[in-house]
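Several structures are given next for inspection.
Below are two complexes that have subunit A in common, paired first with subunit B and then with subunit C.
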Partner chain A sequence: MVDVTDKIMKYRDVAYYSGCALEGSANGYDVSTRAVAKSLGLRIKDVTDWNCCGAMEVKNIDPGLQTYLSSRVLSNAVNIDHANVVMAPCNGCYHNLKKAEYDLTNDPKSKETVDRLSAKAGHEAYQAGQAETIHALDWIKAAIGEEGLRKRTKGRLAGLKVANYYGCMYVRPRHIFPEKDKGPGSESTSRPHFMDDLLAAAGAENVEFPLKTACCGGAHTLSDSDTSTKLVLNILQAAEASGADVIATECPTCHSGLEMHQVRAEKRFGKKTRITMLYFTQLLGLALGIGPRRLGIHTNISDSTDLIIDKRLT
Partner chain B sequence: MGEGSAQAVKDQMIAHLAQIEVRIEEMESCLAQEAPSQIAADLLSLSEEVLQVWILARGQTPTSDAREGFRLLALHRQGARGDPSFNACRETCRELAYHYNLIHGEPEHPHTLGRLRLMIMVAKHLCLFVSGKMRVASLGQFCCASKPLRENMSFE
Partner chain C sequence: MPIHEKSLIRPENLKVHETLAIDGIDVSGHWSTFIETRVVPDYNENLELEIAAFPGGSKIHRCFQCGSCTNACTVNAIEPRFNPRYWIYLIRMGMEQELLRDKDIIWQCVSCHKCTNICPRSVEPEGVMKATALWLEDKGYVPKSPAHVFDEEFSRQVIERGKIEDTEVLHKFLSKTKQPLVQDWLVAIMWGIARRLPVKWGIKTALAQVFKPKARRWKNVRSAISDYIYEEDEMRRQKLQTIAAARTSQTPQTHLEAAE
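== the complex of A and B ==
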């Protein structure tokens, strides 16, 4: 039987794989993740000399190379940083690291490719099972939990209605997330709830939002913008219809997609929506009493100033 | 079938989906007039029609089977067979079934009107997704199926 304290301790000190988006367009997600970690007394250490996870660009033309790139991140975390848990806030990074883990466990050809390219690059090859990849949601849920958050946040998000949008790469395809759908306490791929749980613990009211994992057309945001805009507009309108004040996000691609297509929907189709978007770490940060600027809220495209003032979140 | 006529058939199907989308949006005006259970049943039926278009476009006959009591879920399963990217709309279909159950089970519930409004939007989302996928076959491929978009491209 796993000691509960050991389990909590395991997640209190993790390797942090921010990925490229959090260094650029999603800087507010990075800043708020670090601020929340500090406030909660959680230690995160950036993976030494990390590289691209393979994201879309490499994966789309050479999936084997993508598996290698993700495995190198895991190898550095294990062999240089001596970490056994790697936390990735970006759904794309998280998804790709999980996929690499799955491929290395189940596909001998992927393992052969990773071993060969790692030897060529002069570093130790990552072996399946050496590290556990988790999302930022798993991390706070495991290391602090709802009760811990409840005590620290004192219900500061009370009166705030939130629609939680998880997007697709956090839950699909199901087979690369073997730890999910394991019953009570585990995350669900069909109706994810970890973000709902954490924000509810901070006092927020989660609305019934039926499009929490619905397609936003993200991968085709530039090649077929109208499809993406229509899908995003429907997500935004559904969030408003569900009575939400804000959409909480946990993925930089989803977040910027919602923000940009909100603007485009008005320009292209004359459809204006007023709902704003905040990363869940920004909402948790506000609940912990951290100022909006320290959470990078001013760097979001979506302007949440009125919401923060109206709801007295600062 | 030649490339030109295949495109013409595809265009026809996209136009059909656009008509279904309008019919879904028009359900909003029925909210005050029709019984909630009837509106929910109509939305379910329109959603089935959306999936039938997708299956017909793949040259198959839409199933008349049901799964977990819903033909919609059986149609989704059929539509995703051999194309895991179509799982991008799996939860959308399940949400439709869930909302149908909520509304059908408790039509007098104080939240019924709100649930119907959301069900309209979920049905619209399904229609938008399938319509998008008819235009760009790889929608959902990279993310929901975790497969490359240029899988068959040769660099040799």
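== the complex of A and C ==
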């Protein structure tokens, strides 16, 4: 019993790595994450002097450099903020911190690169195992849990049909997520369900959505837009066919990709879809009785105003 | 022996005679199908080594051609020519000219990691695709891909300031790839937000253009990274030179010359 309480307490006070996208285009995700944390009484403290995790783009130029950039974020969280849990809501950031952890544990060359660059840059090198990286989904699931959410949300999302969209970086490649696929209670990389669990606890009805982990083409959202538009259109049409009112997202790249290519699909291919997207933290915020503006819903490209009124979510 | 989700026989090399009689026996139609032979005279025996020298390509030698990557591939589902298993086969066989037939689409990998996730041999095919795309550019076979332009602009901002700024990435990318800044879908998005956008948000976005997001205490990091990139480029250049030198000394004559 003590063990369980310790675990909950550990996740109630975490370092928060928002990342570049949440400072910019995905501001609604950042605002709603902070609002939900406040409402749930969870303490999140921004990682001091954080930098970009390296994302897909730096990894393509040099994977070693991406590992170093991610390791610096972890190093700051550990050495400056004395944190042992780093929470990242962005799938890309989360993926990269996890990958850095994996590389530093398993690949001596990555460790040598990180040690050398950290020494040159004049900060402590991050050592594998010093911190645990978790996603915003893991964080709410561990710190509050479904039971806690059920009590606090009083089923406010009842009548709302949700397609949960997890994207690529939260589950693939599975070897960088050693804590997943561990049976009941753990997250699955082939059929992830943490977002389903949380939103169901808030009263939502999760539809059977086969494209939970399909790719939105986010890597080439601008450089090969037609491919991205085709992939996104597929996801949007599948969500509509599954009867969902809204797609719940957990990644700024997926979210803005769905929004942008929904418009682009209409403009370029003449394919109109009506479904809207909300970050899962925005949905949880609504369930907790937080007003839509305080969750940054009006800053999303995809306009969910009508949905919120129709479903009486305020 | 490669699996047959992709045939090495080109459709244009299949010859069928509509009317043909051999020794008085009618073999018209598909009975007379012949495959026109072609000779591959220009194996690049170092192709695998060259591609392995680029970022992401180092595990290509582990492939045993199961085809799980192609089976899982997001892009293959919408463009059947996009075939990681087949390209890895060609690279490992040294069939450079065959690979070049697909040179314009290799960069289109969307990095969904379905291949790397499923690969039973930890080849990391996603990385191999990126390495192959870089190799094609390095050899001058293709111009710099839009994806590479994007990666470079993104990385430039990260190295310079430690963070990126969304609208700057968008703006610089469109101008570097000579695309008009006014795109119909972009205008539609802007109008959509403008109707709901509070003034506060507009001001915030405008301010981000002037006071770009920066990581603090970044100066030393920037110089450490710059040195590292220079060293890595230099090492790769030397590695490729060594590979090229070994090639010329080992193969004094081509296969065709040997046959003659």
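Convention: the second predicted complex is superposed on the first by the 312 of 314 C-alpha atoms of A that agree within 3 Å, B and C clash if a C-alpha of one lies under 4 Å from a C-alpha of the other, contacts with A are read in each partner's own complex, and residues count from 1 in each chain.
In this section, a contact is a pair of C-beta atoms (placed from the backbone, for glycine too) under 8 Å apart; a residue touches a chain by one contact, two chains touch by 3 or more.
For clarity, every value in this text was computed on a predicted model and none was experimentally measured.
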Based on the superposition on subunit A, does the combination of subunit B and subunit C result in a clash or a fit?
clash
More residues of subunit A in touch with subunit C or with subunit B?
C
Applying the document's definition of touch, where does A:238 land relative to subunit B and subunit C: first, second, both, or neither?
first
Touching partner for A:211 - first (subunit B), second (subunit C), both, neither
first
Is A:99 in contact with subunit B, with subunit C, with both, or with neither (first, second, both, neither)?
first
Figure out whether A:52 sits in contact with subunit B (first) or subunit C (second), or with both, or with neither.
second
In the overlaid three-chain picture, which partner chain does A:65 touch, first (subunit B) or second (subunit C), both, or neither?
second
Is A:267 contacted by the first partner subunit B, the second partner subunit C, both or neither?
second
Which of the two partners, first being subunit B and second being subunit C, lies in contact with A:127: first, second, both, or neither?
neither
Does subunit B (first) or subunit C (second) touch A:227, or do both, or does neither?
both
Which of subunit B and subunit C A:172 touches, first, second, both or neither
both
Of the stretches 21-29, 57-65 or 111-119, which one in subunit B hits subunit C?
57-65
Would you tell me the residues on subunit A in contact with subunit B in one complex that are also in contact with subunit C in the other?
56, 60-63, 168-169, 172-173, 214-215, 217-220, 223-224, 227, 230-231
In the complex of these two chains, what residues of subunit A are touching subunit C?
20-21, 23-25, 27, 49-52, 54-58, 60-65, 68-69, 72, 113, 116-117, 120-123, 168-169, 171-174, 189, 214-215, 217-220, 222-224, 227-228, 230-231, 259-260, 263-264, 266-268, 298-299, 301, 303, 305
Footprint of subunit B on subunit A - complex, ascending:
56, 59-63, 95, 99, 168-169, 172-173, 176, 190-191, 208, 210-211, 213-215, 217-220, 223-224, 227, 230-231, 234-235, 237-238, 241-243
In their shared complex, subunit A is touched by residues of subunit C numbered 55-56, 74-75, 78-79, 108-114, 116-117, 127, 130, 145-152, 154-155, 158, 162-167, 170, 173-174, 177, 184-185, 188-189, 192-193, 196-198, 201, 208, 213, 215-218, 220-221, 223-225, 227-229, 232
Looking at the complex, which residues from subunit B come into contact with subunit A?
84, 87-92, 94-95, 98-99, 114-115, 117-119, 121-122, 124-125, 128-129, 131-132, 135-136, 138-151, 153, 155
